[in-house]
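Here come two complexes built around subunit A, the first alongside subunit B, the second alongside subunit C.
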Partner chain A sequence: MREKTFLESFSRHRLGVIGCVGVALILLAGVVGPFFVPFQKGYGEAMPLAGPSAENFLGTDALGLDLFSEIIWGARTSILISASAVLVAMFIGIPLGLVSGYSRGKIGALIDSAIEITMTIPTLPLMILISALVGPSVRTVAVVIGVFAWPTLARIVRNSTLKVSQMQYIEAAKVLGISKGSIMFKHILLNIAGPVLVDITLIMATAVLTESSLSYLGLGDPNVWSWGGILQTAFKAGHHFRAWWLVIFPAASIMLYVIFFNLLGIGINETLNPKSRK
Partner chain B sequence: MSRYITLRLAKGILTFFIAVTITFLIVRLMPGDPTTALISDSLSPEDALVLKESFGLDKPLYQQYFLFIRNLLKGDLGYSFFYKDSVASIIGNKLWWTLLLMGSSLFVTLLIGIPLGVISAKHQGKLLDQAINVAVVIGVSIFVPLLAFLLLYSFSFRLMWTPIGGAYSPGIDSSQMFGSVVSHMILPCATLVITYLASTVLYMRNSMLDVLKEDYVRTAKAKGVNDRKVTWSHALRNALIPTVTVTGLMIGKMVAGAVLTETVFSWPGVGTMIYDAVQKQDFPLLQGAFLVLAASVVVMTLITDLVVAWLDPRIKL
Partner chain C sequence: MNMDSMLQVRNLKKYFPIKGSLFGAGPSYVHALENVDLDLYKGETLGVVGESGSGKSTLGRTIIQLEQPTAGKVLFEGKDVSALKGEELKRFRTNIQMVFQDPYASLNPRLSVGYAIAEPMIAHKRFASKAETKEATEELMKKVGLQPSMASQYPHNFSGGQRQRIGIARALSLNPKVLICDEAVSALDVSVQSQILNLFNALKRELGLTYIFIAHDLSVVRYISDRILVLYLGTVMEIAPKSRLFEKHYHPYTESLISASPEPSTAKRKGRIILSGEIPSPINPPKGCKFHTRCFKCMERCKVEEPGLREIETGHFVRCHLYDEKGRN
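And then the complex of A and B:
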């Protein structure tokens, strides 16, 4: 019997498909949406703090601006920041994980300790300190999140590398005299792409939680709309008890983003390793 | 001291040392003048000069580093712009509230999570498994300020069962203090428990399932020890080892949850202080908060290591 392709198996994973569709919708909203929705500045013409209505169907904020377009632009910010954070995390985590898993020995032990120590340090207060010092901007937040998101990725790359590097084809590559770098970054990396992809989707999810937390604390870029920033404004002005829409819609956007990316990650993971599905 | 404790202690000290070094480097290697970050514009030029000298900002970097560490060892964390007081004494008053909140939440999470994990391991079934998995996905996806707000809105604002914020009612005497703190802590504590419970149940369940497959469990059953005793005394102790280890790793993340929770409930701990310090751009206070929280996490991780050692007969204390 023909073996099922990845897509065929994935399409049977109900939660994974829900996640995939959700992620696609969020990407659509954040990447394409802003071309159709105006970027708002200053004061709006609508009635301030008005609940959902026909014109502003998610309501308006304290400045009379339309919440729906703020949320669409917030999606763009979240995607931009989490994707950049993932790139930063990959840039640090993948080489460190590969080297740690492939060379083992002293360098491996050193990288392992670095992973463990970075995971122990309470990173949110540190990210708060850095963002406050550098001054909040999309770039700062993305880099800061990525710089502290690498340990989980490095650990997964390391563990997968440990497994793969005992395979015969790696032995064969060594015998053939292929360079260490080429074995690690070509032969091993391609074979651990699955777990790396899973962790990337999970980092996308946690990055948005962190980004929202930072902007909720008042460390978001003041020049862009962000879901956490909308919450920050509402809480700071004390509107959160009167205007529920200013809390529920941005917070729901954050949680849907996180849940969809997590489900996508779980779907990919369980399709790749059917055994982990217990 | 045994090798295990020495190693763990060394790792803890190293972790804190690295946190200190990162902090030192960030503040000084930032683009621009470090004095603007450490010394407020609102200070008089004379005071600014005194502070500048106390930080050693006119000396080379390595001397500043030694000075920084010496000050830390003396318990000197700098001077807050906004409160016009030493950072150490401000945080000293707030830290206990944060530790109280985190400690109680951790305790309640384990108190509920461990038995739930054991029970769910004993009653395996598709529906239960799915329920746990869904709960875990929701748990890791929770945006803490939202959960905190929903609890506050429903129980304090609408139902008026619990106080609206703070840690105790003003103007009460010491005999009513305990009850007042407990009633104020219910919702912040519930926020953290809900966030971390599902993961604890999952870890406990998985490690219990592993342990129940072990030979000694079968031996005990074969000897005629009743099932309940095998589960709750023989297997539980061994299944706790990985759970406690993972809990130790969770503490660093829990700090983030506590910081966010505190801000919603105006809990008078380090988290609310961080929020205010961000609004006031009080960098020395933010730096002190990170260092103190890092030290607390290191100490709490050490405690979980000791618990692991106590549970695991293979580790000699």
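And then the complex of A and C:
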């Protein structure tokens, strides 16, 4: 009997497929969307604070700008920030996790305590502080989120590495004189790609939550549209009483983004470890 | 047989520390190997037998530097290799290679078979070009009875026997002089076992290899070895050329091992010696002779004094008080 491939098993995981389709739609909206939808600036020509209509699909904001366009450009910002945060977290977390899991010893213990200390730091207040000091921009927000997301990734890489390095094929590689670097970054990394991928989807989700929180607190980049920023403008002016769409649509976007990425992560995880499924 | 000793093990000891409990009296150790001495001659197959827990795998792993010896030396071609590091260790790796027990666990599931065989050659820069490496890989696959066209496939497409062939090809990729086979056939079906054993014999003839063949199965060791070393609780009990060991074994432990191996004919089945009890814990090995707790010929003296390894006949060594005087009991 042939073993089922990952994709075949994954396609049976209903929630995972929903997450995958949702993530694909979000990516489509955020990456391709901005080419078709104009960037909103200045004052709009439409009625300010008008509800959803045929012309303005999701209504307009206080300046008469089209909310649908703002949401699409907001998706672009969310993807940009969460993907950059993931890259930053991977760049720090994967090497540190591999080294601490594979070489153990003093260096391993040192990295281990670095992971634990970083994990105990309450991140949001610190991020607020840093964003306020450095000044709000997409790049700052992305780097700050990534710098605080690496410990979870490093810990997952470390734990998976501990398990994989017990395997006989790692010993075989050692005997064959394969270098430590190749053992870690090829032999081990290829075998822990699953859990890493799962954690990346979770970081994508939390990164958007953090980005929205920062924007909602007024620490987002003022030059781009972001879902948290739209909420912040609406609440600051008290428009949430009059224009429900200014609250519901951006909030729903944040929620769907988080849910879809989490579902994708759950799908991948449960396909890789069928036992974790109840 | 050529009597050049290419590998010498002298007084090899390996203790694994166990973490003492909070109220325990200091750290304790698993005594995996106790003063093992052996010589490996060029071109021979040395079989190592023993029960599980006898230290036979540790012996192989210590020789190949997967474990650091607690004391003693491993000399390869006259050079102590037990403290090698870095580049020197890497160079030493080309001399001695290992075939592992579990053909499923010893291949990385995410690397293609061709890459698994080629990787050591790339790491050691054996060839200048990719084409040469590829050619050598195909050559190795042919040598172990695999089709070179399967190089791009992944281990899960192969059966246990085929995987073991891949493991052998990988070990041979560095052109080693010595191959340590750690239970290399015990995970395989009996029919496949004989194919792999024949492959080992053919490769030995073709490449002039020397083997250390570790196994718990006496019939396998009997088939493939020239000399046999019997290990019990990390101690060498008897070493002898195969033909002589099966004909005339001196040590009571060897006697019980051989009598316990299954015989196809009922006529030969009588006189089986059943040992009482389990192999004692290597954390707290018995004083005196290691085997005295289970020996059916145990004397008072065996409980207090450990016998030395004595040459009874040329090339036949025994560690037993029964043979302390030149004659026999």
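Simple rule for what comes next: the second predicted complex is superposed on the first by the 278 of 278 C-alpha atoms of A that agree within 3 Å, B and C clash if a C-alpha of one lies under 4 Å from a C-alpha of the other, contacts with A are read in each partner's own complex, and residues count from 1 in each chain.
In the analysis below, a residue touches a chain if its C-beta (ideal position, glycine included) is under 8 Å from a C-beta of that chain, and two chains touch if they have at least 3 such contacts.
Note that the structure is predicted; figures quoted are calculated from it, not measured.
**Student:** Look at where subunit B and subunit C land on subunit A after superposing the complexes, then choose clash or fit.
**Tutor:** With subunit A as the common anchor, subunit B and subunit C both fit in the superposed model.
**Student:** I want to verify one number. Taking the Cα centroids, what angle sits at subunit A between subunit B and subunit C, in steps of 10 degrees?
**Tutor:** Value: 100 degrees, nearest 10.
**Student:** Counting only touches as set out at the top, which of subunit B and subunit C does A:Ile178 meet: first, second, both, neither?
**Tutor:** second
**Student:** Let me test your reading of the model: by the given contact rule, A:Ile107 touches which partner, first (subunit B), second (subunit C), both or neither?
**Tutor:** neither
**Student:** Just to be sure I read the superposition right, which of the two partners does A:Leu87 touch: subunit B = first, subunit C = second, or both, or neither?
**Tutor:** neither
**Student:** Of the partners subunit B and subunit C, which touch A:Leu25 in the superposed model: first, second, both, neither?
**Tutor:** After superposing on A, A:Leu25 lies clear of both subunit B and subunit C.
**Student:** Per the contact definition in the header, classify A:Gln168: touching subunit B only (first), subunit C only (second), both, or neither.
**Tutor:** A:Gln168: touches subunit C, not subunit B.
**Student:** More residues of subunit A are touched by which partner: subunit B or subunit C?
**Tutor:** B
**Student:** Considering the aligned complexes, could you tell me the closest Cα pair distance between subunit B and subunit C in angstrom?
**Tutor:** 12
**Student:** Does any part of subunit A touch subunit B in one structure and subunit C in the other, and if so which residues?
**Tutor:** In subunit A, no position sits in both the subunit B and subunit C interfaces.
**Student:** Show me the residue ranges of subunit A that touch subunit C in the complex, using the header's touch definition.
**Tutor:** 3, 167-169, 171-179, 182, 186-187, 190-191, 193
**Student:** Across the complex, what residues on subunit B touch subunit A?
**Tutor:** 11, 14-15, 18-19, 22-23, 26-27, 30-31, 37, 129, 137-138, 140-146, 149, 153, 157, 249, 252-253, 255-256, 259-260, 263-264, 274-275, 277-279, 281, 283, 286-287, 289-290, 293-294, 297-298, 301
**Student:** Report the residues of subunit A in contact with subunit B in the complex, numbered from low to high.
**Tutor:** Within the complex, subunit A touches subunit B at residues 113, 116-117, 119-126, 128-130, 132-134, 205, 209-210, 212-213, 216-219, 231, 235, 240-241, 244, 247, 251-252, 254-255, 258-259, 262-263, 266, 278.
**Student:** If you look only at subunit C, which of its residues touch subunit A in the complex?
**Tutor:** Against subunit A, subunit C makes touches at 64, 66, 89-90, 93-94, 97-98, 100-102, 105-111, 119-120, 123-124, 156, 167, 170-171, 173-174.
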